[in-house]
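The two complexes that follow have subunit A in common; it is paired with subunit B in the first and with subunit C in the second.
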Partner chain A sequence: MTTWLPNAVVEHLRVVATWPELPGERYVIDRPIGRGGMGTVYVARDTALERDVAVKVSNAPAPGGGLDDRLRQEARVLARLEHPGIVPVHDAGLLADGRLFYVMKLVHGETLSTHVARIEGEAAMLGIFERVTETMAFAHEAGVVHRDLKPSNVMVGRFGEVLVLDWGVASVMAKDTTLAGTRVGTPGFMSPEQARGEAATGTASDVFALGALLFWMLTGDAPPLTPDEATRRLRAAPRRPVKRLAAIVLKSLAPDASQRYAHAADLAADLARYRAGGPVSAHRETALERAGHWFVKYRTFILLIAAYLVMRAMFAFLR
Partner chain B sequence: MNKPVLGALVGGILGIFDGLSALVSAPETAPQIVGIIIGSTFKGLIVGVLVGWYASRVQSLAKGMIVGLIVAAFFAYLVAAMPQPDGTHYYWEIMLPGSIVGLIVGYATQKYGRARRIA
Partner chain C sequence: MAFGDLSEGYWRPSYHYLRLHWRLPADTAEDVVQAFFTAAFEKHYVERYDPTKAKFRTFLRVCLDRFVQNHQKAERAEKRGGGQPHLPLDFPGAEQELAAIAMQDRGDLDRFFHDETVRALFARTVDAMRRTFEAEGKSVVFRVFERHDLRPSPDLTYASVAREFDLTAAQVTNYLHAARRRFREQALVNLRALVGTDEEYRDEARELFGLEIA
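Up next, the complex of A and B:
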């Protein structure tokens, strides 16, 4: 076919023609940046406020289907969770063809899947993980369970901000309509009860996913199915955790949900105790370990008292 | 508990023990031990209040400990400068442990106790 437009322009027009048509003139789509099972995310220009935003558009072939419902649910969940670790929703509406879209803050950064290679040291790694845990604790407090927490759903921004993404399969406790037998989540990061397709998965499922995330950050792999194998792999991990941190991971990954931390807040509290050098609920310490932590915590004070006593003893001895 | 009160408490308690330790390091002072303990406790109280007052205004572990060391050393010097009945002075025996007590009070008041409220 003869054409008077260059092939690149024709190809661009063909691609642009597949982009959704947003209502009104406020948002102008610039380019797609990601596509998931439920929706496609585009960078768009908010002409009213002169800023770039992210627009998530339903992938549903026709309006009113299950995907639209999920996207609406995600937008509503995000709207009720106002937290620094959760992307804020600015707007929502319907496309000309009736499909759903919502507008949110555009976050510049990379997912934890790629960022993890650049994390140096346990403190920096736990700093990021702690932010994820705090975000999940906030969601649990608000009655929301994420159900699909994994490295690609955690975004680390250019200025160190940590955001939990993709709340598309999140459930609002007491309103969850997920049918029994429906598997929600990602293999490797989903809890055993999610894998079994149990209808009622609560905050402990997210705790499992948090444990899986920490396991992955330490070892580079998703956790194995058995606690014994998980223990073995943690011992052989490149970032081998000390006993107390390993115990936190293993408690979060307990196959029985009742053996895990009940809420992300409990995990966050244990993690904070670990980072402060104190005892953690996941690990029963020996008297020697307790004495060691006590010494580390009060070492300056103990050394000063010891210096005083040595000084006194020295003067008594020299007389 | 605010920092000056904490300083007085720590300084006072350490002052009692500091005074009592004279029985070990200088047994010949036993007849004057009551006076030594009272003096040492009083010294610890003053040092504690001063160092605690400083800690309530300056939040710095290093500065707090240095101030504790200097203040305690100064008061210990005043005590050591008073001669014993036989005319001798126990400068090192009093000033060195006394200065360490100041370090401890400086550390304790920086780490613990309620800081001054900002209006």
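Up next, the complex of A and C:
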């Protein structure tokens, strides 16, 4: 009699038949947790250290290849970037069928795409964005450009950790293996020069993506093509930013790369100044705004003097 | 395509399709399946398949639809001549499966026929695995696979299967790897025998397992 397979078993077989066969006995695949164009990520048990890890395995090579090269590039980039905002790589190797895999820390959390709905207040939102910017500043300092920064590539962990994921199309400056004219990135979050397929995309392209990310966090949409439209949308945004913050976003989104912050570190510095209530390089202030900042900066001293003068006036009046 | 592959791979989906879509009584569906695959062999249906027009699965379903229409026009008694050859098909078993299938959404005929074809393909693959593992003296490998993958449950772990079979967790891991690899390889062999062209084979393999076949 022929075996009868219920739907659940058919689906289970379909899934497990394509699970990777990792060499040795150290890692035991448990379940897949995500599949992208380049690879599939599984939860696995590290039996040596008795902990759960994530294993990313390249999908079967597409005709023309390239997936393994990208995954190898990603593993090497991750290994070179040791930072709290970047998932650490523990191990890498080849499957019996020749595909590449690497083992990394398993992060419990959700992507910014879904997490953003639960962010309350500008301070919390900018706190997350600042962590992303700091991570990118570190990467730029190490000579790495991400080139595909977007909400689904930012993970917010269960304990508030913020990680930048998916470095598969990252470029190591002066050692870029991406072919000239190859367009990488995601529409809406890629810089104009990336959209044109220009080979010389640098840190300013990531700055554009950071600006697009902040624009998206403020408005809920990817930025439009023109600065005027972006300005209009920011003014109408549910989380309408003040002028200085809007200026930071717009400077990051400048169509001309030379008009943006050169590195993520410059953007991070301006953002830090904004959060401290100070002037930012992206916004030329009026005299009134400068006075306001001067007041904020020295408000304790000013208030003490004012109180002293009021008391003196009252004493003079009472005499 | 060999006649054995055609009938083994498609008779069960065809029977379920006739029972659920055409709503034929069980005995009529049995007769139609028998007659259809006999006619497919004698009249060389496979040679009429044009891969530029449709997948082989769709072609076969359309052939079956036409066959049923013609069958319904003719007198059943005349069509069921005593001299007709009969294939050794397990209709009582297929009939028992209807209760589970009847619960599914059957709105999309092509999808329904596809899903039933996959079910039959996997079942045939599992049966072949059982035979080959037993022949190789590795029936424990199949029994571990059967326990973990053919009767999955949320509380089942490699460790619990290991205890059940008096094995180590590492052995369970290795056995499951071996069995799954065998399943995938055997399923692909069976799949190739069921489709019309290499291109269709690659498409089906990609859809089924997400695999890119060179």
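Just so it is clear, the second predicted complex is superposed on the first by the 303 of 319 C-alpha atoms of A that agree within 3 Å, B and C clash if a C-alpha of one lies under 4 Å from a C-alpha of the other, contacts with A are read in each partner's own complex, and residues count from 1 in each chain.
The rule is simple: a residue touches a chain if its C-beta (ideal position, glycine included) is under 8 Å from a C-beta of that chain, and two chains touch if they have at least 3 such contacts.
The model shown is predicted, which means the values in this text are computed figures rather than measured ones.
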May I ask you to name which of subunit B and subunit C touches more residues of subunit A?
C
Would you sort A:Leu288 into first (subunit B), second (subunit C), both or neither based on which partner it touches?
neither
Between subunit B (first) and subunit C (second), which, if any, makes contact with A:Ala236: first, second, both or neither?
neither
Please work out whether A:Ala123 is in contact with subunit B alone, subunit C alone, both, or neither, and reply first, second, both or neither.
neither
So, A:Asn59: does it touch subunit B (first), subunit C (second), both, or neither?
second
On the A-aligned overlay, A:Asn7 touches which partner chain: subunit B = first, subunit C = second, or both, or neither?
second
Where does A:Glu25 make contact in the superposed view: on subunit B (first), on subunit C (second), on both, or on neither?
second
Would you tell me which residues of subunit A are touching subunit B in their complex?
300-301, 304-305, 307-308, 311-312, 315-316, 319
Subunit C residues touching subunit A in their complex are 12, 90, 93, 96-97, 100, 104, 115, 118-119, 122-124, 126-127, 130, 149-152, 158, 169-170, 173-174, 176-177, 180-181, 183-184, 187, 208-212, 214
What residues on subunit B touch subunit A, complex-wise?
21, 24-26, 92-93, 96-97, 100-101, 103-104, 107-108, 111
How about subunit A: which of its residues touch subunit C in the complex?
1-10, 12-14, 16-19, 21, 25, 28, 35, 47, 59-63
